[in-house]
Amino acid sequence: MSFDWKPLALVPVLALLALPLVGSPSTWLTLTVAGLAMGMIVFIIASGLTLVFGLMDVLNFGHGLFIALGAFVASSVLGLMADWTGSQELWRNLVAVFPAMLVAMAVAAAVGLAFERFIVRPVYGQHLKQILITMGGMIIGEEFIKMVWGPAQLPLPLPEALRGSLFIGEAAISRYRLLAVAVGLVVFVALAWLLSRTKIGLLIRAGVQDREMVESLGYRIGRLFVGVFVAGSALAGLGGVMWGLFQQNLVPQMGAQVNVLIFIVIIIGGLGSTLGALIGALLVGLMVNYVGFVLPVATQFASIALMVAVLMWRPQGVYPVVKV
Amino acid sequence: MLETRDLTVRFGGHVAVNAVSCRFAPGTLTAIVGPNGAGKTTYFNLISGQLKATAGTVALNGRDLSGLAPSARTRAGLGRAFQLTNLFPHLTVLENVRLAVQATQEGPHRRGLNLWSIWSDHRDLTARADAILIEVALKAREHDTVASLPHGDQRKLEVALLMALEPQVFMFDEPTAGMNAAEAPVILDLIRKLKRDRSKTILLVEHKMDVVRELADRIIVLVNGQLVADGEPAEVIASPIVQEAYLGVAKA
Amino acid sequence: MNLLELKGVHTHIGAYHILHGVDLVVPQGQVTMLLGRNGAGKSTTLRTVMGLWHASQGRVVLAGQDITAAATPQIAALGVAYVPENMGIFADLTVKENMLLAARAARRADQMDAGRLQWIFKMFPAVEKFWNHPAGKLSGGQKQMLAVARAIVEPRRLLIVDEPSKGLAPAIIDNMIDAFAELKAQGVTILLVEQNLHFARRLGDSVAVMDNGRVVHAGAMAAFSADAALQQSLLGLAL
Amino acid sequence: QSKDIRIAHVYGKTGALEAYGKQTQTGFMMGLSYATGGTMAVNGKKLVVIEKDDQGKPDLGKSLLATAYADDKADLAVGTTGSGVALAMLPVAEEYKKVLIVEPAVADSITGDKWNKYIFRTGRNSSQDAISNAVALDKEGTTIVTLAQDWAFGRDGVKAFKDAVKKAKIGHEEYLPPTTTDFTAGIQRIVDQLKDKPGRKVVWVVWAGATTPFNALADADLQKRFGIEVSTGGNILPAMTAYKRFPGMEGATYYYFGLPKNPVNEAMVAAHYKEFKTPPDFFTAGGFSAAMAVVTALKKTGGETATNKLIAAMEGMSFETPKGTMTFRKEDHQAMQSMYHFRIKQDPAFAWGVPELVREIKPEEMQVPIRNKR
Amino acid sequence: MSRILSHDLPRSRWLAVILVALLLGLAFAPFLFPGVKALNVAAKVLVFVVLVASFDLLLGYTGIVSFAHTMFFGIGAYGVAIASSRMGAGWDALAVGVGAALALSFVLSLAIGLFSLRVRAIFFAMITLAVASAFQTLASQLSSFTGGEDGLTFKMPELISPSFEFAEEPFLGASLDGRLLCYYGLFVLAVGLVLALLRIVNSPFGRVLQAIRENEFRAEAIGYRVVVYRTTAAVLSALFATLAGAMLAIWLRYNGPDTSLSFEIMVDILLIVVIGGMGTVYGAAIGATLFVVAQSYLQDLLRLAGEAVAGVPWLAAVFTPDRWLLWLGLLFVLSVYHFPTGIVGRLRARALARR
């Protein structure tokens, strides 16, 4: 089967269509670069959901919780390493950010483990109950965050060297977004490799369709589900770090705030497809920036309109791996 | 009189049913045989409207049904039972049949677009459903949910729903598959009954040749979506195509 | 000696008591036929063996090992292949992917035992023809072929199939009989639930007949198929 | 029972505004004990505070206030955090003919067209915020672009600001969705508006909520690239960490614990440090002021709680607060109060940008329009 | 009697008892539980019973998962709110508001119902989620019309306003004023609507909906035009939700985005359906009552509990009114654990086991 290029082409096409609307090329460049980078950040926070929702078919409304968790953990870790983040040298900053990411992912993974066991396991295959029980998990988690870190908003200043922007003529691109792009690419490659080179993806999809049969074939599907869910949570934790540093300001509700957005991304991309999620994220990122410039009022509706449009074109999303 | 003209469907490159033209007269039972994947079920799907034909038409008594949705075709008199059991798993056996009975009523109001009468008040429909359950020997389980039935009984219910529709054209897709040799006769008797009442057109897909031999007035053979043979049971079965392509006798 | 033994197995499904003390032996290296009317409990028995239902009383023993309480994956890992009544095809996966999952040893399609695949293709042409198609699109019989193909893609010591001949054209049934005979020759033990008595007779060494949750007759196939009266009384008809 | 004076405090104890609400409550209690010299009583009548959590939901706030007046027999009420909730509560006060002191909701319409005679407000309103900022920025040859959230709070603020600006000229009003997270586009629009303008160029920001545009503005380096300054009002301390990146930024704020110089403020700051080891914040001051207003009024009526007496006492009443003397003006019961023109200084000792006093803007200097019709 | 209930009897003694108690409780609420708060809670219960029952028609009976239900709830509320604040208090305003709202809901639900056939279930759920949030944003954007974030406060006709008192002296602790009349107005309306819904789900139509939920493909195959049935169901449930919204606005005399459009409410509805038992109108009634009451008194409960465990470091942090959401979350989780078939399902199962 030959590769389907159309959706991939969508990204440049959208960018080019925007050019005349935006007018000034330098502005357009700024918006485009920023949009793509934004897309990458969105992709990172959504990547975990491609596994949990896309492959495992779990409508995890609690996913945002792990994002928030990651961000808050990061704030604590970075708080401890103040002198490293305070330094002007990039490498020292990165040295500080890296462990923050690791710890955040670890914590998210650990919580994910419990979450799977007590919240998700009883409701595999029952969307409605998934929505409710994960909602419950989300609320509980948020409250715990409030208990640990307090209900007030929490500043998470960027490490010194990651602040500010690089300038290409009149166009500007903030340093941090470049970092985000790098991280995003790493996540993308890792995921894509895992799903194409191993049976894991297949097993999960099969398990969703007919759990008993997969077990009859001799696979411990239960453990696999746990593993993938935990991985998804860890990715969300990582996403939380990136998102938190992008916002530079944390509130316990931050997870819930991105929930709709990331679901939109997954749906645009098509269930279970990493590439799809990436494209979905990039499209959303660009769309928001362009509309934000051309017609700010409409920004809130931009991504939703985009989703509906895409579904009209491809009712399954652009690269559906799992057909629904 | 059911008629298909040049009925064709393509799935990508693969032509599952290839320009099949055929007439099925009332009062005759036509058996459709052919290797697995020959296109028998797909042919049914095209007639009953589950699949949209790439080309060709389906007509009943001269009325072209091609454009219609499955539900409309059913109301027009095409009835069909499925090869892979396909029921309302969490409703009771009785409710399943009763729904089918109701679907045959005249006018949307009687059929179900009726918000204000009470389901259990429609005694006549329930009675009819009961009668059918007795015919297929499922009365004993009428209050069990379908999900809890053994496979064989689910096959019976599949047929019961078709009976309930009282169509003019009956399409059976391997009605006795997975049915115990001792239970199968129940279904076969039903089919014989239908035959005796000369007004019904019956299409039967069946792999068990003994059954075909006994019931069919006529056999048509599909291979790779093409109609390759059509005629008297004896001669068709004797024909070389059937012998190797289907029965695989040549090989043995 | 017996590869599989059920001793007084009772199985409940929710509130319903389905099996009332099933005693069944499956001799090593033989083909055992499990017959019985609809609703007799055949499928439930097989599911109990596979650990998909769990016996509330009695024991299930596989090769001397008690698997009554074992989890399905463990049982499968002991070398049991199972084809359920509903075939358990993964409709959204391609035929290839279905086969790949069944081949536990292989991590990628090209690692599957080519020779064995050829053997399967010869017997079930459809599997090869639709190798890259979604399995859900297959015809009823083709699905059945795929289901059996999956069960034999790798060598197993015990093969359990619920109604293998269902929906298959006579030619294919013959292929399948040959295949099972070949497997048996390789020393595979086979347990079949079968409605097609012709099939049963061609293949079966021993036979067990079930009726509402019990095994009411067990013995050699030869003796059984000779005794029309017995068949009449157990199955309600003679072969 | 009759000896107690029952005061209901409705506020967003949980929900999005939890942090703000808690500050108000702390300040309110501190204020009461300060004003009563720790006795928590006026003329021997005990002050009983009934807390109600409106969770930031207008409908809930409404029924809670009714409950407070009717079931809990509250003599007067104070609250609440969210403007929407406060607005929904106004008619209830009228229904039960009981006083409601609004704190800290800012919407102009509370003491404007939605006002009724039972409503007083110790908190500042959008106009006061805006006007004070205007006073701080309003110079000849300055071009100002406003950046605000696209909802009542933002548009109110900008409108008042525009009305107050006399000398400088407003180049453009930029409104972004309240939940904006990526400010690139918005900033681009502002730059395109301002970059070629002559003279001093300022972006004036009114923004409430967690994700503020300040970091984005700082990243864009407007000062260096286009000579565009950023200016804004005050905010809670966590939000002011972003100010650190704007040394020298000017604006006017409602409160910062270092700004006002008066005994009441000193007392509050001391008390707060004593209890929480942290300085009091924006809304603490508000709560404190409300308490001062309540007690002063009760003292005037000699502990009488009859509504008409209270109203009579409070109209035109002056009272001491951490922000100096406030006065409920007769017309719309809005408390006239000082605001503070500040300049931001970086100080490693503080996590936030420290506002230094440029000068105190006295109530007399601000022509706060009267918008209610009585 | 049985006919009034459309032959859909409780089929469990306990269930019957609970339902009767519920009905009486609500009927005499103003006198049984005097006080403003209690009355507010009772009224909210009435509104939610209707709202949830209407949603169950969609979810429990037709198997359509839609997050846009609050949208119609909101439309109803805004209809009344906008009309009454533009035209001023009056029955005419009420009529216009409700009428317009019903009309709008009809059109929108028709569109959504048809759209639901284009995309598959989960996607549809997600889309409705997005659409609903968009609608909420829209409502707060059109501030000149809807009062934006702040919402609208308005008056009701004299007869049902608190100011209208038809007796000086309170009777059994309940002051005899417009509020009381308003409450009983809502009560009658609610009972009527619920019985109507009960009738609908037990009609042949209702059964076909179940069939579609079970196996859409086969329903079509035996002759039911699925499009028609699904869309009709979607429209009906939307209209009932709109009426519930109108009831809410009439009672609160206020409406804003958070009050009638927030996603929170949507989730509450879902939870109630599950607690009560999907596919049973009775479940909606019981669930709504339990939930609304729990939600309204949870904080008071926690206050008591908090005083009990005061001092104990961790417990104190958990048992405070501030953390009431924590307990709500727990309620979500536990109810899914313990009521897989809902309270009604439970009770009926027990009744069956007895036989």
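Order of writing sets the chain letters: A, B, C, D and E. Residues in each chain are counted from 1.
We take it that contacts are C-beta pairs under 8 Å (C-beta built on N, C-alpha and C of every residue); 3 or more make two chains touch, one makes a residue touch a chain.
For each chain, UniProt lists the protein as follows: A, E = Branched-chain amino acid ABC transporter permease; B, C = ABC transporter ATP-binding protein.
Predicted, not measured: the structure shown is a model, and the values here were computed from it.
Novice: Quickly list, by label, the chains bordering both chain A and chain C.
Specialist: Expected: no chain.
Novice: Hopping along touching chains only, can you work out the least number of steps from chain B to chain D?
Specialist: Step count on the best path from chain B to chain D: 2.
Novice: Tell me which chain's centre, taken as the mean of its C-alpha atoms, is farthest from chain A.
Specialist: Result for the farthest chain: B.
Novice: Could you work out how far the Cα centre of chain B sits from that of chain C, in whole Å?
Specialist: So the centroids are 29 Å from each other.
Novice: Cα centroid separation between chain C and chain D, in whole Å?
Specialist: 77
Novice: Centroid from C-alpha atoms only, then distance chain A to chain E, rounded to Å. What do you get?
Specialist: 34
Novice: Hey, how far is the Cα centre of chain A from the one of chain D, in Å?
Specialist: Going by mean C-alpha positions, chain A sits 37 Å from chain D.
Novice: What are the residue numbers in chain C that touch two or more other chains?
Specialist: Where chain C is concerned, no single residue meets two or more other chains.
Novice: Considering chain E alone, which of its residues make contact with at least two other chains?
Specialist: Residues 137, 141, 325 of chain E touch two or more partner chains.
Novice: Among the residues of chain A, which ones contact at least 2 other chains?
Specialist: As it turns out, chain A has residues touching two or more other chains at 146, 297, 300.
Novice: Taking the top-of-page definition of touch, could you list the pairs of chains it picks out?
Specialist: A-C, A-D, A-E, B-C, B-E, D-E
Novice: Mind pulling up the chain B residues that touch chain C in the complex?
Specialist: Contact set of chain B toward chain C: 11, 34-37, 40-42, 83-84, 148-153, 173-174, 177-183, 207, 209, 244-248, 251-252.
Novice: Okay, in this complex, where on chain A does chain C touch?
Specialist: 1, 197-199, 202-203, 205-206, 209-210, 212-221, 322-323
Novice: List the residues on chain A that touch chain E in their complex, please.
Specialist: 57, 59, 118-119, 122-123, 127-129, 131-133, 135-140, 142-144, 146-147, 260, 263-264, 267, 297, 300-301, 304, 307-308, 311, 315, 317, 324
Novice: Over in the complex, which chain E residues touch chain D? Could you list them?
Specialist: For chain E paired with chain D, touching residues are 35-37, 40, 137, 140-141, 143, 148-151, 153, 162-163, 252-254, 256, 258-259, 299, 321-322, 324-325.
Novice: Please name which positions on chain A make contact with chain D in the complex.
Specialist: 24, 27, 30-31, 34-35, 38, 146, 150-155, 157-158, 163-165, 167, 172, 174, 176, 246-251, 253-254, 257, 285, 288-293, 296-297, 299-300
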